[in-house]
Structure formats: structure tokens, C-alpha cells
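One chain, chain A, appears in both complexes that follow, with chain B as partner in the first and chain C in the second.
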Partner chain A sequence: MTASNEQSPALTPRTIRPAVVVGGNRIPFSRAGGAYAKASNQDMLTAALDGLVARFGLADELIGEVAAGAVLKHSRDFNLTREAVLGSALAPQTPAYDLQQACATGLETVIGLANKIKLGQIDSAIAGGVDSASDAPIAVSEGLREILLDLNRAKTIGQKLSILARIRPKDLAPDAPSTGEPRTGLSMGEHQALTTAQWKISREAQDKLALASHQNLAAAYGRGFFDDLMTPYRGLAKDSNLRADTSLEKLASLAPVFGKRLGAEATMTAGNSTPLTDGASTVLLASEEWAAAHDLPMLANVIDGEAAAVDFVHGKDGLLMAPVFAVPRLLARNGLTLGDFDFFEIHEAFAGTVLSTLAAWEDEEFGRARLGLDGAFGSIDRSKLNVNGSSLAAGHPFAATGGRLVATLAKMLHEKGSTNDRPARGLISVCAAGGQGVVAILEGR
Partner chain B sequence: MGASAHASTDKYTQFVSRGLGKDLAKKLGLPQPAILRRYEPTAALLTGPVLVEGSSHGAEELAAKLLGWGLDVRRHATPKEKLGAIIIVLDELAHPDELSAPVRSVGASLRDLLPSGRIVTISRPAVDGLEPAVAAARHGVDGIVRSVAKELRAGATANGILLGGGVEPASASAMAALRFFLSGRSAFVDGQFLTAGTPGTLDAVDWERPLAGTVAVVTGAARGIGAAIARTLARDGAQVVAVDVPAAGDHLAAVANEIHGTALQLDITAVDAGQRILDLGFSRYGRLDIVVHNAGITRDKLLANMDAARWDSVIAVNIASQLRMNAAFLADGRFAKGPRIVSVASTSGIAGNRGQSNYAASKAGVIGMVHATAPLLAPSGGAINAVAPGFIETEMTAKIPFATREVARRLNSLSQGGRPEDVAEAIAFFASEAAAGINGNVLRVCGQNLVGQ
Partner chain C sequence: MTRDDYQLAEMPSLAKLYLNAAATAARTRVLGSTPSVDLPPRATEVHGVLADIAKMTEYQHLVGKAARDIIPSGYLHSMAFPVAMSVMVREDFPLPLLGMIHLRNQVEHLAPVQFSMPLSIRSWARNLAGHRAGTQVELVVEIRGDGGTDVLWRGVSTYLAKGVYLPGLDKPASAPDIREDFQAPNPTGIWSLGVDAGRAYAAVSGDFNPIHLSVFTAKALGMRRSIAHGMYLAARVLADVGSPKPEGFSWDISFAAPVFLPGTVAVRIADTTAADGSWASSTFAGWNARTGRKHFSGSVATLVS
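Entry: the complex of A and B
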């Protein structure tokens, strides 16, 4: 580089351009311990990437950036996404990064990469997520870990022997991962049981939502909706959690598993809670120019996203209630109300989560006191909610759920086209551990 | 090629191809399958000189064209000289008496044919309305080819070209068929005939990438023969859209990514399958030139025990879907410029097979469809042909019990099963620009299986 005497002109700020969803691919989700019991996060993410590459003819293509993540992660997975890219059919020069925001991981990768596309930093991207509850990391106990690290630093045989002699039987018990919140010690289900009871959500309402999830997902499979959203893996061609023949009677017969010590009647069962699940999902994002140059479809625009968090530690709000706050802020910023949407994809961590969220939005007092509105935030037309099923039926491999939601919604919006002289519009809401939530708006095209 | 050829040849063939096994097989009179010469884009067309037998004007012209291909051409046999191929030009036959001299002359050179050598006859078909003597002479060639094919050893084959009306031995369509028979592409084609019709031109043909610039759809591309077809078309330069049922999507994705193609998870029995294939081809690649109907299923049962589900599903997948998709393709103006359709039939559809009345009905149906569709495509320079595989070594045939499989794979003149690539090479040939004018053929890729024609 040579120094120039002339002053360089000020850089013009780049204008924002649309980021579009081209399509998606996921592997069928499997209940933990099932078909993917021996598959690692990297195996599953690679498979989901390869299916996406094949669907859009992208073998050896250099993608602007790939971002994905996992919630349950081995230490060997430190560069999980990049390793998956290297093992996939994509060009090895494709950069990648890992992201983790608990169950919001997948949706956050979509928002982050869409923002890079909007700013012109990249022209194409793949967002995604993966989780294996089967191939979960198991750590050695803290005591044993300390001893092993000391051993590594020891120089003489004598030192090593004396360090080894410190091992006690209790040190040999492994540390398995749990879904418990570090600050409260409560599992996610027990947290939701508090919220479900607080909002007085009935057992029957929860079972009805679970039933609708299974029926809607089964119907979507029946009309081939997932033929271009999914690639089979390890002998599985459908989500293994799907129970097309379930009924309110069957769901009503299940015993409660969460909230049994709350005093109030326990309402949360294995039927209206998501099971531990293995799976991976990916979404192809692009600028309009890139999609057009590659003759690829454009299903929807990623309009905007918002994150929120709540103080669940001190019991002010429920652990999974952050979207209740994120959505009003997101809609206000975009000048929209709940009535301006054609589809709602509200992640079904538990049926109680979805129903507590809707109840909070419909509550006058909550709207005034907590959301700073004149009254209730609003209600949604239930016929627009999770119309092709959601996590209660499909299962919920934590970081993979966001990609599933975005690809599914983008296809639905594209199929609907425009309505009332505007593009079809959809809202995604995902709650997450740590009292977090991420929400986003998509518009069909 | 050596190592890989051995790796994918059946164990018996490996055993008798060298050393002790070779001696043993010879002494005991066991079948001695040869390792066949298969096509490689950069390999020479033939492994030795080509002898052109025949004194007609057509023979002269043909020999001149072969020189243009860089072949070492002989017009008379040199004693003891090894030959890569012998071409017998019999385009002016008028009486069976005229067969004697040229055919016996070839017979004298047969022992000089190199391993995987080629005998190719060029003659005219015994169509209706001929003088009986002319028809007798022409049809006599059929018997010669099929018999000589059974006499040849060491992977050598004999095949014939029938010249359609107005076609000469050196016409483009005949030369394209000849090149196919001479090359390793026809390794497992033996005792068969191709009819060369309306000639085009070979001036612009890129022999190393004959499908460059084309877009091809292959159904049933996730595994076996379909995957081999997709790979072969891609190797020849085509952009491939690989189609299979959603449940086979993982294997399909692997094939598509390997050949830089696109995977389309689609049930071809869907009413709109043809339209969806057209939409993908035109939206993604702006064109669609080649359709290979390979997808097929078997649901074997003796007719006495056949239920509706077995019968109907085989008909729906193997023939009804092809008819419906072809109707959609032909009705679409964009597909009208010289399209190529190639269907996979089966020797079961020609000779019949016990327990396969449903499958044979569907595959014989494919042959009927090809004959009836050919004249519809001819005016636009398009073509439809079928390939009928015999015993091919695939995952599917690997499941046949050992003894049955061992018998099935030896029951042909080459004493071995074919490879999926052998079927694929024939399909790639039919799909190529050079094959313009080769329309309405059903070519068996069966090593001259003993059953049927």
C-alpha cells in the first residue's frame, strides 16, 4: 500500500437490502435414544447441510457464512459448525461460526445472518442448529477433574502416585447434563408448572393444544408438505414423536410429571410437554441478487427480530415468558398488531408455555402494569397458530427448532402469497432457558 | 482400470481370470468370464486395428470416416495381425448366397480378435414388401450376429446395425451407433441390433463430453442403476436433476452432491409429477433436454396369488407414471426442441418371468409406449428409446440367494452379470446429440442372455 496525499472521500453508509429465505432442510426429529442414538451433533448437522446442498444444487458452492449451534455440546465440538461444513458437500472455503442462545440458538442464527445479508456483508448464508439428547456429553466430577489436571502438571513418578492416591470413590461418579436452571435448581418443566398454575391453564386446554399439534403435523405429512423441507436420515423419514392416532382420551389418561408439589392440581404430562429429542435443521438465506443469479426460489423476507429476557430467578416472571415482552416491542417498532399476521409459529416447549403466553397477552392488567400498554396486548386467531404442527408433535432438539420454524413458516407464507393487498405475514416466537426469548417477523413473497 | 475392475467384478470372475483358477476352469470346462473393456472418456476407442469387410460403396465411405476418427483401418486381413474390431458391411445384400464370401472371410480372422474385441454388422432390415430372396438375405444377418456372439470369447461381442430408409453405412446415425458398439460403452451389449434412422450430422459432436450443456432428469436416482445413470450423464457433461421418492432422500442427496446436481424428492405417481419436473428444470436451469425414466419397483407373486395392491402399484410406478409424465412433457412447448426420453425396460418385459406377470406387463408396456411415442417425437428431432437390462449386479440382485444368483449371472454369452454402469452407458448414448435419428429402439443390455431375443 502506498500512502496518498489526497484525502479519500468519506465512505457512504450502505443501504439496507432484503434478506430472503430460499428454503430449508432438516432431518426428521427423533425421540432421544431412538434412530439417532449413535449420531453426534456433527453427524446430524452435516447430514442436514448435505440435504440442503442437494436440494438447491450447491455442491462445492462457497456460501458467505454458515452459523449454527447446539445446546448440549461436547468439548470436542468447539468448532462444531465449521467442522460440519468441512464434512459437507459445501466448498471448504466456506466460513462458519458457532452460536449458542439455548433454545433460541436456531432463530438467532437466522436473525444474525439475515442482518449480515441486509448490510451487504455477505450475499448468502446457511443458518441452523442441532442437538442430541442421546449423545450428550458426560463430564467427570469436579473432584476428579482437579486431580487429573494436577496429575498432568506433576513431574516425577512419586508426585504422580501421591496425586492418584487422592482419588476417592465419590470422585468417579460422572456429571451428566441436566435441563435444570443453574440459579434455581428447578428443571424447565417445574418452572413452567409454576407459570402454568399462575395463569390457571387447565389440563384440558393443554391436551387440546397437544392434540392439534399432532393432527396438524400428521396432515402436513399427508399432503407432502415436508417433501421439500426434509431429508431422511438413518432410516427415519418422519418425526418419530408424531402420534397421528392420538386422542384427547389418550392424552387425558397420562399421569402428570411436573408440578406435583405445587399444591394446585398438576396438569403437565408427557403428552403436553416436549420430549428430549435429537435432530438438526438448516435454512438457506440470501440476498435477492444471489438468489436470482442462482435461479433459486425466494419464499419470504426476514423482516425483523427481537430478543428479551425476564427475571425468573426472583420469581418476577416465569422462566419461559420472555417472548411475552419481546413480541409487543417488535410489533410496535414495525407498526403492527397481532391482527396483521396470517400465521403464528409459537414454539411449543410445553402446551402450558404457549397458553400462558396467550393468556398474558389477553390480560388487561398485565398489559397495563407489565407491558406499559393501555390494556391487553391482544389475542390471536387460534386457526392461525402452528397450523402445520409444532414441537409437541415434531419434538424439540433444542437448537434445531428455530430452523424448523423459519423454513416451515417461509414455505407457508410463500404458498399463501399475498392477502388484503399485502404480503402474507408470519410471527415466530421461541422461549429459551435462562429466562430468554427471541421472536421474529417474516413476510411471504 | 485394473484394480478397480477387479474390485467390482464377482469373485468367481476374479478367480478364473488368472493363475491357478484360470487353468482349473479351462481343464474342467467351467465358464470363463472375462474382465470386460469398459468405457473411459480418455481411453482409445479400440485396442487394435479395425478390419472393414465388404466391397460396397457404403463400405468404402465408412472406412474413410473411420480414418477420420483416427482408427487404424484395414480393408484386407493381414495374417496373424491382432484386430480390435471387424466391421462387416452388407448393405447391398440381394440373396443369401451373397453371405458366404464376406462372412467366411470374417470367420478366418476371428481368432485374431483381441480380448473385448468387436464384431459389428451393417445391413438393412427385412421390412415388409421386399423380394423374398432379399428379405431372406437381410434377415440371415440376424442369425449370424446372434450365433457369432455366442462363439466369441474373452469379452468380445457381436452386434448389428440396421440401416433405416435413406440411411447409408457412413450416415451420421449409423456411425453414431457404430461408435457405441465399438467403444467400451457397449461392454455388456451382445447379440443385439440398433436401427439407425433419419441421419443428422456428427460434425459438432464433442465425443468426450457428448452431453455438455444439457439438462437431464433421472428418476429413481437414489441407488443402483439410477444412481449410475445420474453419474454417467454427469460425467458426459449433463447437469442432472436426480429424482426419487422422499423416503430415499438421503441416498438421493449423496448422489446429487457427488455429481453437482440437484435432488428432487418426488413421488412420480403424483398427478403433477411431470409438471413439477418441468418447473424445476426450467426455473433452476432454464431448460430440460433429457428425461430418463428409470424408477421402478417389483412386487413379485405368482399370478394365482397376486393381489390388487401388488399388481396396481407396479403398474402405477413402472408404466402409468411414465405415460402421464410424457404427456405433460410433450404438451409443454419448451420441451419440444429435440427432446430425448429413455426408458428402462427389462428382459422380463421381453421374455417374461415366472412370478412377474405384473412387472413384465409394466415393462412390456414400456416397450409398447416407446414404439408408439417415437413417431410423435421424430418431427422435432427428438427421440425415445428403451434399454432392457438383463442380470445386473446391484444391491437388489445381491439379495437373491447365492445359488440362484450364481446361475442367473452366468446364463449369458459373457458368463457374468452386468454392472449398473453398463445400463447407464447405453442410456447416455441414446441421450446424446450423436444419436439423433436413433428412435424407437429397445436395446438389451444383458450380455446376450439366453432367454428371449
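Entry: the complex of A and C
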């Protein structure tokens, strides 16, 4: 045993250092019930991880930490990420943890791990997320669950029989997950329909945004943009929701699915809402030293991140409007305005979400009363928005969307290089269930 | 591919092959047969074999593997098994298929095989030899990509026809006793195999050999209870050794006492690593957790030097 060193002074915190995005890998996203219908979350996360390991030569590599998560998760997957690591070619000594923050899961893993790298706690990290709407957990009913637990505690045959006699037909109905908010009973789409109507977002504006998403994603595939961001899985080489040939006419022909019981006109359709989707994504993060030592690229720095939440329960704000508050705080802290960005990645949960967010930022009264500003927060150049498509076209496997956004934006920023004597800069905004939102700034390099 | 091979137009159905084998066994019992010590002179081959992705996914989940696009080594064995079986049910194959005991599998998995790749599967029998408990034979399987790639996977399965002694094949004088002393070490894992483990593996592998399905069908073939498939045990141990493997690897498993179902198998896996820290090989053994009787042992090793 070593004697304590009385000369050891109080420790001072280390200075922070950059955290870089080395690259990413995802599997193509599939509409639920499609190519990945029989694939579990662990299967898909492993497939995305395998591709990342192969792309960056990480076999037998001990990574500082891996964090990922899933929104729809089986109880047996309590250690989903660690299990995926153990099943991968990474060194088995690589630690891992699961994280869950609804649709912000993926982005939050990136921010959390980047912070650890910045603080010098780890030198490398893999962030990720996965979700399967096809292989969703189904629980037994609450009544049956209690009976089974009592049965497990029963000691005599008589006790067991009397407990079994409590089972009623209604107890046998399974309990499947839904996208409903526990406190309001409204589905996410119904919540957004309220917000869409509040901000008077037109059907045509929503359809135009959806069309741009499909066209931009198709064009990105066309020029091979995803070649080094994706590994095919189960025969799928492209996001199966992508409709390269869709048109405003086709989108306009779809019947509304949300907001049909509102006083206002129902404007939200299957075309301007994201479908239930299966998929997984991963992002490799590192310190500059680690990336250089492994001769790996450095696409972008993870600059900063911010989370926000809104009081949506009685309608003070829309369920998916938290990023509206997170972004102004994040930009103020970094001395930036919306004009200082070259790319905006605003997750398209629904076209109405993106357009309501932009409308709120452009609203003088909202800026003054709710954001505490002198007037409107600002507007963004729409030619910088989701330029390689987003969730309306790619689909949205909840926890996997963050990793898709970060890897896509990092590559775009790296390609753009610098502009106006500064590195290209991008903003990511993700809304999430429970009235939450997580946003982040990346800078190209 | 050899022009002289027996070509099968399509993958034979295992169910039909088993029925065929049962009919042959019944006929032999009634009519008797002339013992032969020759093996079928030519190999049997099938082209254009594709993995059934849904079945493969079920297999991967059953044996505890993540569902990758690369075909598991054990699943390639399952895909090839009907071809090997169609060699063993031929009229000129000298041993009865039903009731044969699986002694050993030696596999060289030379390159990863994607599920979407059409395959050619070729099989033949060799090395008919005396065994202290009967007669043994080796079934060789070679898998190539359709159109004649290099061999991707080569497996040799050794089977024993217990109690069958063919004229001219002497028992080896110094037959090694497979029941060598086995001292059960500390396990690294425990498998609890349910009574339905045989049926579950039959459903994903297509191997409906009656000795695996139920007590009743197993008793009909002289077993006191149904037993786990040897290839299920091999697949589980391969999954437990870890994945993914390097580009090429070999594995070798020898079976001792059968695993009666339901049962609890204790397993020990020991890894060795290369100088650079990468995985080099693993040895493994499985035994009855209660009695310590050995069920199987073997090794997995990288083929990449």
C-alpha cells in the first residue's frame, strides 16, 4: 500500500479540448413491417456498429465509451448497448451505457460523450441509437402481470389455484406501446395538429417541405453522398420511405390523418408526417490526438449543446416546441445568431413541427413575450435547411435520428470547409416526446 | 464442380429424405440387405442455393447471435445438410441413416458469405472405417459461390452407425476410447435447455431427425429421451465464443455423451490472443452440470495469420 502523499496539492480541473466527429455509419432506414420486420434493436445496432468498425478499422480497438439507446425497448434489453458491444469486433473491455431521452436520445449521446472527450475523461467514443417499431415490446396487461407476480410468490397448490382463478378474459389483452403522451392521451400527431393550427401552417406549406425532403434526399443518394455514411442491411441499400418521384399533386391527394376533430382545417397527412420506422445509426467521436494517432479523418467539432422542455400538458406550448426555446439560449451562450450558420438540420417529426418552429422564431410577439428578446428571434435562409433531406423522406427510427443528423451534418460541414474566414457551421434541432428538445452546434474542419 | 457429379435440380426436402430413410430401414429389416463396403463413387451437387433470410434470422436469434447479413457458420452447415443427407440415403450408401450418431465436425470457414449470394453445395462420403462401436464415415461438404468461386466453407462431419459392422472393416485394434477421463473445470457459462430445444432447433434448421423431437420419437430409435442436436450445441458455442470472427476461421467439435432434454449444460470457453491483442483461438468444452459427464469439446481458431 502506498503512503499518502502529503505534498499532493488540491487538484485543478483540466482545461477542455475539442471533441471531433470522425464519421458515422447507419443502416438504411426501413418503414415498419418491411425489410427489418424480424430484426431486433440489438440486431440493427450491431449491424450499424459492424459497419462503423469496418469503415474505421476499429476491430479489437478499446473505445473510451459507447452510448446508445432505444425508445421502444424490451425489458430484456436493459444493457442493449453493452450487449451490442460484446457482440461486435470492438475490444470486449469497451464500456457502454444506455440512454433514453425519447427522440433526442441519439443527439444526447453525442453531446454527453463529446463532453467527456472535451474534459479528457475519454479519448474516443461511439454514440448511437436504434429503434424498431416492428419488433416492439408487448407487455401483458397490468391485471395479468399482478396475478403472475402473486403466483410466483404463492407457496401451496391451493394458493396457486385461487390466484389463477382471478384471471379474467380482459386480463389476456396484451398491452402494446403507443405514441400517445401519458399525461394527455393525445398521440404525437394530434399534439402537433394543435400546434400546426395555432401557427396557421398551411397544408401546401407542409406538403412543399415534405416534397423538398424527398427531392433533397434523392439527390444526395444520386451523388453518392451516403456512400461512406451507410452500410446495407437485409438487402436494403436505401431508406425505404424515400419517394424520389413524389410530387405536390400526389402529396395533395392524401387524406388528413391528424387534427380531424379540430375546429380548424385538418392539414396533416401521411405524406407530411414521418412514418413508423426501423433503423440504427452510430457516430465515431474522438479527441484530435486520438483521431490523428489512428490516422482517421476529422469532419467537425462538437461545439455545444442545449436541452429544453416546455409545459405542454395544458397547452401552454406545443408538445414538440421545446427546441424553439433551446436554440435561442444556445446561440446566446455562444454569441451567435441564426445568420451565423451555413446549415440547419431541423428534425422533421412532422412538416408542421419544422414550420411551427420557424414561425415562432419569426414572430415579434412570441420573441418578446416568450423568449425575452427585443423582437423576433430571427429567420433562416430556407436554402440552408435540411439540404440533404430529413426525416420526412428518410423515416424516423426514434433514437437513431440523432446519429443520422450528426454524421450527415459533419460531412456537409467538412465538405464546405470554411466560409467568411470561419469554419462552416451547422445547427441541429431535435424535438422529443414529453415536451423536450435537444439542440447542438457543430463546426466543420 | 466435376462433370461426373450427381446433379440435383433443386435442394432436396429433408422431410422427404427422412421418410425415404425410414422406408429403406423398414425394407432392410424385412428383406435383409447385402452388406457393401463401398461408398457412392461420385459427389452430389446442387446449384443456386439461397439462404432463406427469415429462417436465417430465426436461427440467429435461437442460437443467441445478432442477426447479421453474414451467414453463420453453423447455418451454412444446416443449408448444406440436405445435400449431405441425399448422399447418405442413396441406395449405394452402405450405412443406415436413421439412428446414426454425430461424432465430430471439422469446419474451415474460409471467407464470409453474404445471405444474398447464390451458392453451390457439393457433398460426398469418404473414409468408411471400423470403430469400436460400429462403423464410421465422413461426409464432406464444400460450399462455393455459384459460378465457381474458391471454396468458401468446407466441413467434414463424422458419423457413427452404432452396432453396424461391415465385412472387411476391422475395428481399429487400438481404438481410442472417447470416454477419456474428463475432470469438469469451472464453467464460464450455463445453458438451460428446455424440453422443446430439439423441436425449436429443428424448426430453424430443418433437421427433423426424430431423435431430437420428442421422447416418443426418440424411444422409437432406441434413445431413452430426446436429445439436443449436436449442431445446435456447436452453434451455441460458436455464438458464445464471440463474433464476428475474422475473415477466415476454423472450428472443430467432438461429441461425447448426448445431451438429454431437458438438461443443463455447463460450458467453459478459454481464449488465447495474438501478440497484438487480437483474438487467436478459443478452446471449449461442455458437460452435464450435475454429473460432470462430458458432452462435447473442441476449438475455434483464426485462419488469418
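Observations
Please note the rule applied: the second predicted complex is superposed on the first by the 442 of 445 C-alpha atoms of A that agree within 3 Å, B and C clash if a C-alpha of one lies under 4 Å from a C-alpha of the other, contacts with A are read in each partner's own complex, and residues count from 1 in each chain.
One rule holds for everything that comes next: contacts are C-beta pairs under 8 Å (C-beta built on N, C-alpha and C of every residue); 3 or more make two chains touch, one makes a residue touch a chain.
Not measured: the values here are computed from a predicted model.
In the three-chain model built by superposing on chain A, chain B clashes with chain C. Contacts of A:295 after superposition on the shared chain: chain B is touched, whereas chain C is not.
By the touch criterion defined above, A:224 lies against chain B but remains apart from chain C after alignment on the C-alpha atoms of chain A.
In the superposed model, A:43 makes contact with chain C only, not with chain B.
Judged by the touch definition given at the top, the superposed model places A:60 against both chain B and chain C.
Touch criterion not met for A:356: it reaches neither chain B nor chain C. When the two complexes are overlaid on their common chain A, residue A:89 makes contact with chain B and with chain C alike. Using the contact criterion defined above for the overlaid structures, shared-chain residue A:233 touches chain B and also reaches chain C. Taking the listed stretches 19-27, 37-45 or 199-207 of chain C in turn, the superposition on chain A shows a clash with chain B for 37-45 alone.
Comparing which residues of chain A touch chain B with which touch chain C, the overlap comprises 47, 50, 59-60, 89, 232-233.
Note for the complex: chain A touches chain C at residues 38-40, 42-43, 46-47, 50, 59-60, 84, 86-89, 91-92, 232-235. Across the interface of their complex, chain B is touched by residues 47, 50-51, 53-57, 59-60, 89, 224, 226-228, 230-233, 237, 295-297 of chain A.
By the touch rule above, chain B contacts chain A in their complex via residues 242, 246-250, 252-254, 256-263, 265-267, 270, 283-286.
On the side of chain C, the complex with chain A involves touching residues 53-54, 57-58, 60-61, 65-69, 116, 242-244, 246, 276-279.
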